[in-house]
Structure formats: C-alpha cells, structure tokens
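One chain, chain A, links the two complexes that follow: it is found with chain B in the first and with chain C in the second.
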Partner chain A sequence: MIRMYGHGRSYMHLLDPRTKLALMVGVSLLIYSARPSGLGVLLGFVLLLSRTCRLPYTRLIQGLRPMLIFFVVIFLTHVLFTSGEPLFEGLPVPSLEGVIVGSVLVLRFILLILYTSIMTYTTSPSGLNYALMFFLRPLGTFGADLAFMTGTAMTLIPGLFREKDIITKAQVARGYKPRGLKGFTALVVPLLLRSFRRVDELSDSLESRCFHSKRRYYYYRKTLAKRDYAGVGIYVVLVVVILFFF
Partner chain B sequence: MSIEIRQLTHIYDAGTMGEIKALDKIDLTIKKGNVFGLVGGIGSGKSTLASLIAGLEKPTGGRITIDRQPPCPGRNVGILFQQPEDFFFEKTLFRDMTSGLLHSGLAEDEVNERINSTLDLAGLDRQILDQSPFHLNRGTLRLAAFASVLAMRPRVLILDEPTASLDPMSRKRMVEVVEHISGDITIIYISHRLQEVIDVSQHLAVLDKGNVTFTGTRSGYLDWAAEQYGGEFLPVLSQVMYSLYRQGFDVDPDVTCLDDAVEQIRLSLEKT
Partner chain C sequence: MIEMEDVTFSYPSADPVLDGINVRVEKGEYLGVMGDNGSGKTTLVRLMTGLLLPQKGTIRVNGISTSDRARLLEIRKSAGMVFQNPDAQAIGETVEEDLVFGLENLGTPVPEIDTRIEKYLRLFGIRELRYRNVRTLSGGQKQLVNLAAVMVMEPECIILDEPVSMVDVVYRRIILEHIPRLNRGGTAIVHITHDPEELTRCHRLIVLSRSGIINQGTTHEVFSQLLDEENMDIPVHFAISRALGLSPVLTTEALLEELCRLRLGN
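Let's look at the complex of A and B:
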C-alpha cells in the first residue's frame, strides 16, 4: 500500500495532499456508515478514480493481498458466531445473517484499503507528511514529532522493499531458496543489518545538520486551488447520493 | 558459451504513470570466455541488465539466451550484487557458504571440495571459514561472497561493481582474482572505474539511458571514447598515449599497461 506512489499529473495527483487526507477521512466515515447498496456505489467510484489516475486494476488489487488472512478471519468469525436462520438443516452455523454481515464487513475493509491505495498512489510521501503535519498542528511539538516520524518511516519503506528484492535475488544466486525458515533468515538478517545501517546513517546526517526535535521544519504553505474545492464538492455529492438514494 | 541479447526492453512499474524505461530495445552479443566490461552513468540500466541476464527478473520484452538456453540463476549463470558482504547471516562463514550449496541439492563432499577450491581461487585462507562473517573485514568478506557465488560453478558470472567501496589493496586482489578465473568462465564486469574495466576486459559496451551507445573491443572503445569526449574520462595513461600519438610520436595509443607504454615511448624516442 505504502510503496505504491507513482509520479503523475492526473487530477488526483494534483489535488492538495491536505485535501486528499481530509477527504480520505471523510470517505472512511462514509464507508463506515453506508448501506450495502451504497458500498456498491463506493466500489464503482474507486474503480473510476483508479482509471483517472491510470493505476491499473491489477496493481490496485495487489494492495489487498497482504490483508487476505485478515479478511478470511473476519469473515469466518462472523459466519461462525452470528446466530440466525441456519443455511444447512440441523446445524446452528453458518447462518444466512452471518454470511451477509461477514461479507459486508469484509467489503467495507476492502473499500477502505482501495481508497487508501489510491491516495498513497497519487500522493508522494513528503506530500502526505506535509498534510499530516498540517492537521497535527494543534498538538504542538508532539504533533510535529509524530508527523516527522511517520514521514521518515514512509520515505524509508520503499527503499526497504527494493532492498528486500535485491537481497532475495542475491541469496537465490547463492543457492538459497526463498522459502522455509532458512530462506526467511537469509532474507531477514541482511535486511535488518542494512536497515539499521541506513537508519544510523540517517540519524547521523540529521544530527550533523543540526536537527532538533524542538523546532519546526515545515515552512512551505500552499493555498488551496479551485480543484480542491471541486474535490470537496464531488465528495459532498457522493455523500448525498449514498446516504439518501441508496 | 555466448550470450545473445535481442531487442531487450525492461520497464519498471509498467502501465503506471511512474513507469521507468530502464532498457530500450538493446542488442548485444557477449562472446565466450572473455571479460566483458559494462560501463555507463548512474541509472543507465547496468544493474537492470545484470539482473535480466542473471535470470532473476523477467524482461518486459525481448530475449536473452546463454548458449541458446534461457538464463537460470544458480545453473548457467551467477551474479555478485553490489555490497554482497551484507548478505551473510550464519554463525560461521563455513555454514554460510555451504548451506546455500546444500540447499541446491549437492552432496556434502562435493560442497566441501567446491568451497575449498574456490577459497583457493579467491586467494583466501581456509582458516577464515571458522570465523563469524560479522567479524571479518569488508575486503575479505567481499572476496568470500565472491567465492560463494563462484562455488555455484556458473559458466557466466556477472559482477556488479565488485570493487566499489573497497580499499586499494582489496581492490587489487579482487581484480587479480577476476583476471585469474576469466578464460574458464564468461565474466560481465560492471564498474564506474574506467581504468579497472579497461584493465580487465577485452570487450566493452557502453549504456546510456537504457541504450547501447558503443560495443566493441577494448581498443575500439579507447578510440570511440577519445573521439566522443576527447578522452577526458579515460585513464591518465591512455590520455598521455593519445596525446603523444596525436603529436606524431610513433606509439600505439591503445596500450593499457604501464611497462609497455614506457617501452614504446623509449623506442619512439630512439627513432627520432
């Protein structure tokens, strides 16, 4: 999800990161409160968004893969623990209600991830960080630290994935299979080693440039553009449509 | 053993707005038993090409064959990545070097034999096998990583900046080992150090933004580079020889060995 940022100049790319973050929160609320038919509209809309920012559906769906087990667990819990009209004669579970409730909940999570993917795909880590910083301002230094930490983590993560790629390849070239416990250690130990070294270098370089957590490090201010207001407008329309018509 | 690369294209993140065309329809033929130097600026696609030849990644388009076979990592081709000394993780160097080989299904005797012979090749003391990889110095570890790839007995070996961030002594040893083993196996040598590449390789190719801008013999390369940049990036020795040659001295501008150069200059001075 996080490593997905792809540079571009689509409408979604050009939206102010603050608008996108705020809308993301808004859309999450909508996903949380919409009825099942409304979820269908939201699904259609996210596919449309993916089209406009030229994110292929395959990549969009790839973002769901790491969460697969989570979905299965949620679904099964609901199927097994919701009582109601039994699907099979004589067995208390699974019940029809359980299957429905489980599916709808899984769909809500899927939507949440799909929308987040669109946001991370169209917003650079530094843009996201700036938006976070902006909204955390009321928290003072603590907010700044929080934003700085997440921002730093987010910039380091894509590198981590690339590193993981290289290490896997290098170990395969030495005869290790990327499977099993051995394959796992062969990947994780070098990955940790390299990451620690990188973090160490980063903190050294911050220190050598007189970084102190007490100060503010974000100076640029941008005013919102017309498209940001248009984005909010589209969101309002979406809310009205989903809450009143579906 | 020749490597044929035809119309090879590789695009990262294809189909998205952030796609990067790392290689653009390149053609190359790399002959058997040579050291083939690959040079080019940062981000010109060298490592991408290396990964593709090593069969560790599927190209977006085009074809690579090694002796008419597709590349298969650990079988017909081996690769040493940048900074390979980070890839050790076992308690002792011995276990690290052997378990990969055991993993790939070799018998124990065979593995021991291979480890010992490749350590000899790399000029390393067998005693370091009992030490922890985390306690060895970088140069030794780099050579050990090299040996551990060599032990897979690849017929094509790709070295991606094998001497980067090494001290001059370790670098010299690395180059010596490369020269020593070449002939038996085909080596593709990637480096930003022109002097080194020119020293070790008989053939070279230059990549620029995913395109091959030159491919040919070492002396062909020296001529090409002299014409292209006035030899600005060439090793000092080549620059001196070119300069003398242009001023009418009877010397071969393509000599790369200091002794030969001195001898030629002496002869040409005697003649005049």
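Let's look at the complex of A and C:
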C-alpha cells in the first residue's frame, strides 16, 4: 500500500507536498506521544481522512498485511519480557502490563503505517521528491541526491512486493513450501536477483531520459495556499485535543 | 547522426560480442537491426547511447564521441531509448509524471511541458491514461507510455530495443504502426529485433550474428539475399510474393495489390 499513488482531487491530494511531509512528521510525533485513549481519537481521524481521499478501508488494511509478522514479534516480545501482574497464576509471563504495552505499541505502528499509506496515496512521487528536496536544501547537492534516491527507492517498494508474490507462486508451483529456512532462501535469492536487475533497468531508463544530478522538480511546484494553513490549524487542534483532553 | 567505426566490445572475461563493427545511421533514417539471441543486438544499442563504452573503435552521435563523458547528456538528448521490458522503465507513478520527468531533466518551461504532454498523449492515443497509475496498465499500454515518455523529449533519433517482444498482439500492432509514423515525422529510428516481420517498413537492414555483421543493405536486398540463401528468417509476405513470381513485397496491402495486378493481367 505504501507508495501506491492514486490521482484525485480530495483535500489531502490538493495539499502542498511540503505541508503533507511536515504534517507527516508532526503526526508521527503525536502518535508516539499520545496516551492509549488519544490513539483511539487518532485512529478515528485517520479513518476519516482515508474516507475523504476516497481510499477504501480494504486497501488501507491490505497495506498492513506485509507487516503482520513484525506486529506479532513486537507484541510477543513485550508480552514475554515485560514484568508485572501475571495473567495466569504460577506463571511469571504473560503479564497484564506486557499485553497492554505490546498492544499499545502495535497500535502506534498500525497508525503510523495507515497515515503513511494515506500520505503516499495522495502525494505523487514527484511531489514527494520536491518536498524532500525543499527540506534537504541546507545539504546542497547531497540533499537533492538524497531526496531523489529516497523517492526513487520508495517507488520500487510496491514492485518488490509484486515480485515477491510472483516468486512465491512460481516456487509453490515447483513444489517448494514457502516455510522454514529453505523456503526463505528459495524466495529471497531470486527476489534479490530480480531486484538488482530491476534497479539496473531503472538506471538505464533514467539515463535514457536524460537524468542528471542538477535536475530540479518544478512542474508540480505549488505555492502554499489557504488549505495548507488550514491543514496546519487542524493539526494544532488535534494536538491540543489529544494531549490535553485524552 | 550515429557513426560506429571499427567498434569492438567484450564483456569481462568473455569473447568479443562485437568485433570490428561499422554502422552508420543517417538523419531521418529507419534502420532495422536483426539477429539471433546472443548476436550482440542489445550490446550494439547500448554502445550507441554511451551506456557501454567500446574497448576499440569510436562511436559518435551528432559528432560527439560517447567516450566524452562530460557531453553524455547531449548524446542522450539526441538519442532516446525504449527498452524491451515494459515494466522496468516507468519512473513516474502516473503517466503524466512519467512524461514530465524527462522534460524536467531538459529544463523545458512549464507551458511547453503542458503542450508536449498533450501532443504526445494524443499522438499515441493514450490521453485517457494521463492520470492513471503506470503500474495498473497492461504491458502494451506501458510500452506505449514508455514510447511517449521518450518521444516527448523530441530526440532526433529513437533506439528501440525489441519494443514489442513482451507485448500482446493488439498493442504489438499498434506500436508497430506508430514507429514508421514517427519516422515520417523526421525522427531517425533504430529498431532492434529478432523478428523480421517487425522490420518490413525499414529503409535499411543490418543482420548481426556472432561473427559480426553478415548482411546489410536495403530491406529488399537483405531479405532477397536471405531467401536466396534459403534462410527462412524473412517476412511471410516477401516469401509468398517471391514464390508466386511477383515483385517482392513486404506488406499485406502490397501483396494484395500484386495479386490483383496478376489477376487483371491474366
């Protein structure tokens, strides 16, 4: 889901990419500083946002699927290693505190991914690159290169997921079971090879389109509009509500 | 436009792929390059645009040597490339972004970008795809977008490396109809393929094999010679017309015309 831009005319689509990137940082900080009750408000806000930019919930949830193992590992780590009041008599783990801390942390990650998905769904890669370049201006040419590399690397992510699915199906068709170390190797080795080839082809394509490090993004450049200030205003209200009332 | 003189190239620890090759592409020419797998077709086009450098010989694009790395951008402006794999060339997320990318690299003013995007989307009949995510398009649509993304930069020459080998039949026909049209518009074309049917509209042909260029000349000359050598790698219309004793033709329309003439004559 992350890095799958969909063209649209929603409020989020029309926001300046710089505003969206700045808000992305702000919302991330809010996600990590909010109390559990505040996270509920944030979840409601994110779902509302996804509705306004016409991003179906199913697609939003699909984006979480690849992270499932990560969530399980984080949750189990906290459940198993956080001391506190035991849930079952005679057993030191799992503890009630571990379950709560694990759940809250997983929820924070889920919120972060959902918000990032909305951001990338409503921001074109060129817009995102432009915003990154704007904020990395103090770093000069290195900043511009870094912004371009980040933006381009992000465009490769959905392709990698697709490649992974294709390889998994191909290996299953050949009788491999995508489980265990052997299954992992059967998946990772061709995926790496394909990724390198893909990067090689992309670099040829960049060369043939006259890419050079001094290029500038200007076609999608915008000037800050009232809606951008309104966006910042909504964020400030959200911060006040979440930090002081929940 | 493109001159390759006595070019030799080999990949590390391998025999030369190309040895002592001489090729010229004139302005506005439509040159076809055919050859079997491993004959060095792709290497040849990568050398033409400076993606690879020869170990021996010189390659010049509009008089600029490809070994002059400081002037590579000028070479790339003159000679655009479309590659075989339609999935691996998109840089932008939407069709519009993909077209804008090259124009931003050239520093084209915004109003001119708008004009050119509109012109080339219309030319290739893909206006309705403008805001579509490139990844959601079919292989054929992607290849049309790739062609538009290179043509929008208005290069003098466009190098097509097996442009329809990974495309479905419908889009293969559409793309193959566009190529001579682009050439008639003044763009020189270098079309690389292993399928002779794709090259029937070329002005000139080069046949590559592992031993180098084995045949070159006008399309009729090359196909006639291949037929005389009983090499069946020639377009079917050409073979039929020769077998019937008609003037050799390369297209269905021309073959029908010849058949009608034959019938009227009888």
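One rule holds in what follows: the second predicted complex is superposed on the first by the 177 of 246 C-alpha atoms of A that agree within 3 Å, B and C clash if a C-alpha of one lies under 4 Å from a C-alpha of the other, contacts with A are read in each partner's own complex, and residues count from 1 in each chain.
The rule is short, and it goes like this: a contact is a pair of C-beta atoms (placed from the backbone, for glycine too) under 8 Å apart; a residue touches a chain by one contact, two chains touch by 3 or more.
This is a predicted model, so every value here is computed, not measured.
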First, second, both or neither for A:177, with chain B first and chain C second: first
Contacts of A:65 with chain B and chain C, given as first, second, both or neither: neither
Partner chain(s) touched by A:53 [first = chain B, second = chain C, both, neither]: first
Which superposed partner A:186 touches (first chain B, second chain C, both, neither): first
Touched partner set for A:207, first chain B, second chain C, both or neither: second
Touched partner set for A:166, first chain B, second chain C, both or neither: first
Touching partner for A:10 - first (chain B), second (chain C), both, neither: first
Shared contact residues on chain A - chain B and chain C: 5-7
Chain B residues within the chain A interface of the complex: 13, 15-19, 51, 54, 56-57, 73-74, 78-81, 84, 86-89, 99-101, 103-104, 148-149, 152
Chain A-facing residues of chain C, complex: 46, 49, 51, 73, 76-77, 80-83, 85, 87-94, 97, 100-107, 110, 113, 131-133, 135, 149-150, 153
Residue ranges of chain A in contact with chain B within the complex: 5-10, 13, 53-56, 59, 121, 166-167, 169-177, 182, 185-186, 189-190, 193-194
Residue numbers on chain A that touch chain C, as the complex places them: 3-7, 124-126, 152, 155, 158-159, 198, 201-202, 204-212, 215-220
